[in-house]
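Two complexes are shown next, each including subunit A; its partner changes from subunit B in the first to subunit C in the second.
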Partner chain A sequence: MSALTPTLAVLEFHLIGYRRTWRGSVFSSFLLPLLTVLSFGVGVGAYVDSGIDGVPYLDWIIPGLIASTAMQVAMMESTWPVLSRFEWVKTYFSQAAAPLRISDILGGQLAFTLLRVLLTAAAFLLVAAGFGTLHSAWAPATLLLVLLVGAAVALPTIAFSASIHSDSYLALLFRVAVIPMSLFAGVFFPVESLPDALRWLAYVSPLWHGVDLCRAVTLGVAPAWSVTGHLLYLAAWVAVGWLLAHARFRRRLIG
Partner chain B sequence: MTASNDHALIHARGLRKRFGDFTAVDGIDVDVPRGEAFGFLGPNGAGKSSTMRMVACVSPPTGGTLRILGMDPLRDGPAIRARLGVCPQLDNLDPELTVRENLTTYARYFGIPRRVARQRADELLDFVQLADRSGSKVEPLSGGMKRRLTIARALVNQPELVLLDEPTTGLDPQARHLVWERLFRLKQQGVTLVLTTHYMDEAEQLCDRLVVMDAGRIAAEGSPRDLITRYSTREVVELRFPTDSQQDFAGKLTGLGERIEVLPDRILLYADDGDAALAQVQLRGLEPTSVLVRRSSLEDVFLHLTGRTLVD
Partner chain C sequence: MVSLVLPRLIGLPAAARRSVSVMERNAAALKSAYWLVLISGFLEPVLYLLSIGVGVGALIGDLTLPTGQVVTYAAFVAPAMLASSAMSGALAETTFNLFGKMKYVKLYDGILATPVQPFEIALGELGWAMLRGAAYSAGFLGVMVAMDLTTAGRALAAFPAAVLAGFAFGALGMALSTFMRSWQDFDLMGSAQFTLFLFSGTFVPAESYPTVLRWLVEVTPLYRAVDLLRGISLGSLGAVQLFDVGYLLALTVLGLTVAGRRMGKLLYK
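Let's look at the complex of A and B:
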C-alpha cells in the first residue's frame, strides 16, 4: 500500500458522492462560459473597439475568466461542503475514526476540489478555443495554472471553514474576498487602471497572479511579473494554506 | 508492535483527560480482556465519552498510561484504528450515499479491496437486517435503521474491539431490542464490546462487567450482579403515600429493611425479602396508597452511587 492509498480512498468517497450530481455540474460548466462569452464578447466587446494589448476585448478577458472561475469553484467546494462535513453531516469525524491521518482526510478533500476545478476550467478552455480566443500553443498550460490557483485559494478557505460553526461567516467571506477579487484582480480590465491602494490589493490577492499567468499562456504575451515570482507567490499561498488547514483539522478532529 | 499484553485489549492506569481547567477523566484504571463485553455507566458529564474518544485514538490522553491492543495510541493511532470498530453517539453516515455505498466507501479507508468491500457490505447488511434497503439513500431511514447501519459500518474491517457510544439512545423499544440482539450475537462470536450507556437495562443485558463513572472517576466496578449485591439489597419495596406526606411516613418506617430512601413521590425500602418487609409495614398500621415489591436493579446501584441530582 503506497503512502497515497488512504488519500485516494478519501477521494473515492468524494467521487462516489459526486456521481449523483456530475451531470448537472458538467452542463453548467459549459453553459456558464458560453453565456459569458456571448455577453462579454458580443455585448460588452462591441463597445470596446480598441481591444487591450492588441487583442479583442473578449480574447483578453477569457484567461481572467478561466482563472476567476477556477477560484470560484475552489471556494464553493471549500466552504459549505467543508463546514457541513464538520457541523452537519460530520463526515470528517467518521473518517478520523478510521485508520486515516489528518493529511489523508485533507488531501482527499483537496484532490476532489482540484478535480472539479480542472474539469470546469477544461470546459471553459474548450469553449474559448471554439470561439478562437486562444492565441498561443501554451494555452493548455492554463490547466496546470488553474490547479495552482485552485489550491492557493482552496486551502486557506478550507482552514477558514474548519474554524467556524455557522454558515453566516461564509456569506461574509464571499462578500469581502470573492467578489472584490473577481472585480479588481485584473479579470475585466488591467489593474494598472486602478488607483494605487486598490492596485496593491490586487497584487496581494492570489487571483491576480493566476490571471496574469493564464493571460500570458493564452495570448502568448509576457506577464506583468516574472513567471517565477508569480509561481512562488501562489506556492506560498498553497504551503501556508496547507499548514493552516492541517492545524484546524487537527484541532477539530483530535481533541 | 504486536500486542505485548494480548489478554487486555484496553489497559489504562491513572488515565486522565483535561480540557483547560476542566478535568473530564480524573485518573481511571481499566482493563478489558479479549472477548468481554464491558460497559462505562454514568450520568452525562461523567467522563464516559471522553474515555471512549481516548480509547478510539482520536483524543490524546493528558496523563497516565493507555495501551490499546498492546499499542500506544499516540504513536500507533492508525495501526490501532485499523483494528477498531467505532459506533459514535451521533450517526455520521453520509445522507447522499446509498446504504451500501456508506459501507463500501468506508471499507476503502481500511485498504480493503473494492470486491471484498462489496461482498462484506452485503453480508453486514444481512446481519443488521437492512439488505432490502441496500440501494436506498440514508436520509429517509428511521433512527433504528441508521443506528444499525452505523453498527454495520463499524464492523466493515472485522474489528477485534468494537466501541459503542450510547448505542441505543433515542431508539424506540423495538429498535433497541433488535440492536441488543445483534450486539449479543457479536459478543457470542467473540468480538470484544465496549459500550457507554446510561440505560441500566442495556448494561444488565449486554455487559459482563462494568464501571460506574461519576465526575471523571470510577465509583464502582464489577459484574451487574456483583454491583447489586454490593451496593443494594436483593429487593426494593416502593411505597407511595399521599402527596407531600412521604417525609412524615418515613419517620414511622425506621428500623425496617436495610436502608430507606425518601423521594418526593414515594419511599424506597431496601430489603432482602421485600414481602416480609412489606408485612412489617402493614403490621405498623401504615397504609400506603400503592405498593410495589420488585427486584433490585442496576438503576438502584447507579442512583445510589451517583446521586439523584440532575447533572445538566
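Let's look at the complex of A and C:
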C-alpha cells in the first residue's frame, strides 16, 4: 500500500458522486464557456478591427477564457461542495473517522477538483483548435498550466469555505473575488489599459499570471513577465493555500 | 387571464395590506451576511460596465448603430447591463429564494394559516424582489449619469422602465419556480439566464447576428428589455419601444397569474 492509496480512495469517493452529477456540469463548465467564445470572441471580436498585438481578438481572448474557466471550475468545486461537506452533509467528519489523514481528505478533494479542471480545459482546447486559434506547438502545455491555476485558486478557497458556516459568504466571495478577477485580469482586454492601482490588483491576482502564461503558449509569444516568475508566484499560492487549508481542516475536524 | 387577475386587484386594499405583510416578514428576516450580498449585488453590473464597456470599449471605439446614430461602446453596453441586472436581481429573489421557502423552509405553509392568500404571497414576494431590483436600477442609472453615458432626464425616464423589466422577470421567475423539481433545475435556469445575457443584443447590435439567431433573440424578454432601456437612454425612441412595454406588461400579468394559481395548487394540497 503506497502512501497515496488513502488519497486515491477519497478521490474515488468524489468520482462515484460525480457519476451521478456530471451531466449538469457539462452545461455549466463547457457549453457556457463555448457560448462566451461565440458572444465575445466572434460577436464582439468582429468590432475589434485591428485585433490586439497583431492577433485577431478571438485568438487573443481564447487562452484567457480557458484560464478563467479553469479558475471558475476550481472555485465552484471548492465552495458550496466543501461547505456542504462540513456543514450540511458532513462527509468530511465521516472521512476523518476513517483511517484517513487530513492530507488524504484534502488531497482527494484537490485531486478531484483538478481532474474536473483538466477535463474542462481539454474540451475547451479542442474547440480552440477547431476555431484555428492555436498558433504554437506549445499549446498543449495549457493543460499543465490550468492545473497550476486550478490548485492556486482552489486551495485558498477550500481554506475559506472550511472557515465559514453560512453560504452567504460564498456568494460574497464570488462577487468580490471571482467576478472582478474574470473581468479585469486580462481576459477580455489587456491589463495595460487599466489605471495603475487597478493594474497592480490584476498583477496580484493569480488569474492574470495564468492568463499571461496560457496566452504565451497558445499564441507562441513571449509572456509579459518571466515564465519562472509566473510559475513561482502561482506555486506560492499553491503552497500557502495548502498550509491554510490543512490548518482549517485540522481545526474543524480534530479541534 | 384578466378575469382572474382583476377581481383580486380590485379586492384591494385588504389584499395589498396582506401582501405588504409578506414583504415586512422578509425585511425582518434579513441577516447581516445577506445584507452584504444585497449591497454587493449592486456592484456586479458596474464591474461589467467598466470591464466590457470601458475596457473592451477602448479596443472598439465608437459604434454606428443600425439607425445611423454613433455612440461610444460604453453608452451602448450600459443600458443592456441595466436590463440584465434587473433580470438577474429579480430572478435571484423569485426563484432560488422562493423555491427554498416554499419547498424546504415551508414558510408559506405557516403564512397560509393566517388570512394571507397564495396570490397575495406571490404579490408580496414580487414586491419585495422589486424593492431590491429598483434600488439596484436607481444606483446603476446614477453611475451611468456620472459616467456621462446618458442624461439625467433620460435616466429618470429609464427608471420606471427598468422597474417594469424587473416586474416582468420577477413574475416569470415565480411562475417558473413553481415548476421546479429540485435545485438541479436551477442550474438549467442559470444557464439559460447566462445565455440570454450573452446574446440579447447586449454586447453587439442584434442586427449583426445571423438572421435565424436574430429573430430568436427578438422574441426573448431580455432583448425586449434591452431594446426599451437602450431606446430611452440613447434617446432613440420609436414605435417598437411601445411594443416592448406591452410585451413586458403582458409577461408580468401572465407570470403572476400562473404563479398565483400554481402556488395555490402546491400549497393547498
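In the analysis below, the second predicted complex is superposed on the first by the 249 of 255 C-alpha atoms of A that agree within 3 Å, B and C clash if a C-alpha of one lies under 4 Å from a C-alpha of the other, contacts with A are read in each partner's own complex, and residues count from 1 in each chain.
As a working rule, a residue touches a chain if its C-beta (ideal position, glycine included) is under 8 Å from a C-beta of that chain, and two chains touch if they have at least 3 such contacts.
Predicted model, so just to flag it, every value in this text is computed and none were measured.
Student: Putting subunit B and subunit C onto subunit A via the overlay, clash or fit?
Tutor: fit
Student: Look at A:52 in the shared chain and tell me whether it touches subunit B only, subunit C only, both, or neither; answer first, second, both or neither.
Tutor: second
Student: Between the centres of subunit B and subunit C, viewed from subunit A's Cα centre, what angle do you get? Round it to the nearest 10 degrees, please.
Tutor: 90
Student: Check the residue A:158 against both partner chains and state whether it touches subunit B (first), subunit C (second), both, or neither.
Tutor: neither
Student: Tell me the contact category for A:27 with respect to subunit B and subunit C: first, second, both or neither.
Tutor: second
Student: With both complexes superposed on chain A, which partner does A:110 reach: first (subunit B), second (subunit C), both or neither?
Tutor: neither
Student: By residue count, is subunit A touched more by subunit B or by subunit C?
Tutor: Of subunit B and subunit C, the partner in contact with more residues of subunit A is C.
Student: After superposition on the shared chain, which partner residues are touched by A:17: those of subunit B (first), subunit C (second), both, or neither?
Tutor: The answer is first: A:17 touches subunit B but not subunit C.
Student: Between subunit B and subunit C, what is the shortest CA distance in the superposition, whole Å?
Tutor: It comes out at 12 Å between the closest C-alpha atoms.
Student: Taking the stated contact definition, name every residue in subunit A that is touched by subunit B in one complex and by subunit C in the other, in rising order.
Tutor: none
Student: List the residues on subunit C that touch subunit A in their complex, please.
Tutor: 31, 33-34, 36-37, 40-41, 43-44, 47-48, 50-52, 55-56, 58-60, 63, 73, 184, 187-188, 190-191, 194-195, 198-199, 203-204, 208-209
Student: Would you pull the subunit B residues touching subunit A in the complex into a rising list?
Tutor: Touch residues, subunit B against subunit A: 19, 53, 56, 58-60, 77-79, 81-82, 84, 86, 88, 90, 92-97, 101, 105-106, 108-111, 153.
Student: Along subunit A, where are the residues that touch subunit B in the complex?
Tutor: Residues of subunit A touching subunit B: 1, 5-6, 9-10, 12-13, 16-17, 20, 89-91, 93-101, 253-255.
Student: Going by the contact rule at the top, pick out the subunit A residues touching subunit C in the complex.
Tutor: 21, 24, 27-28, 31-32, 35-36, 38-40, 43-44, 46-48, 52, 57, 166, 168-169, 171-172, 175-176, 179-180, 183-184, 188-189, 193-194
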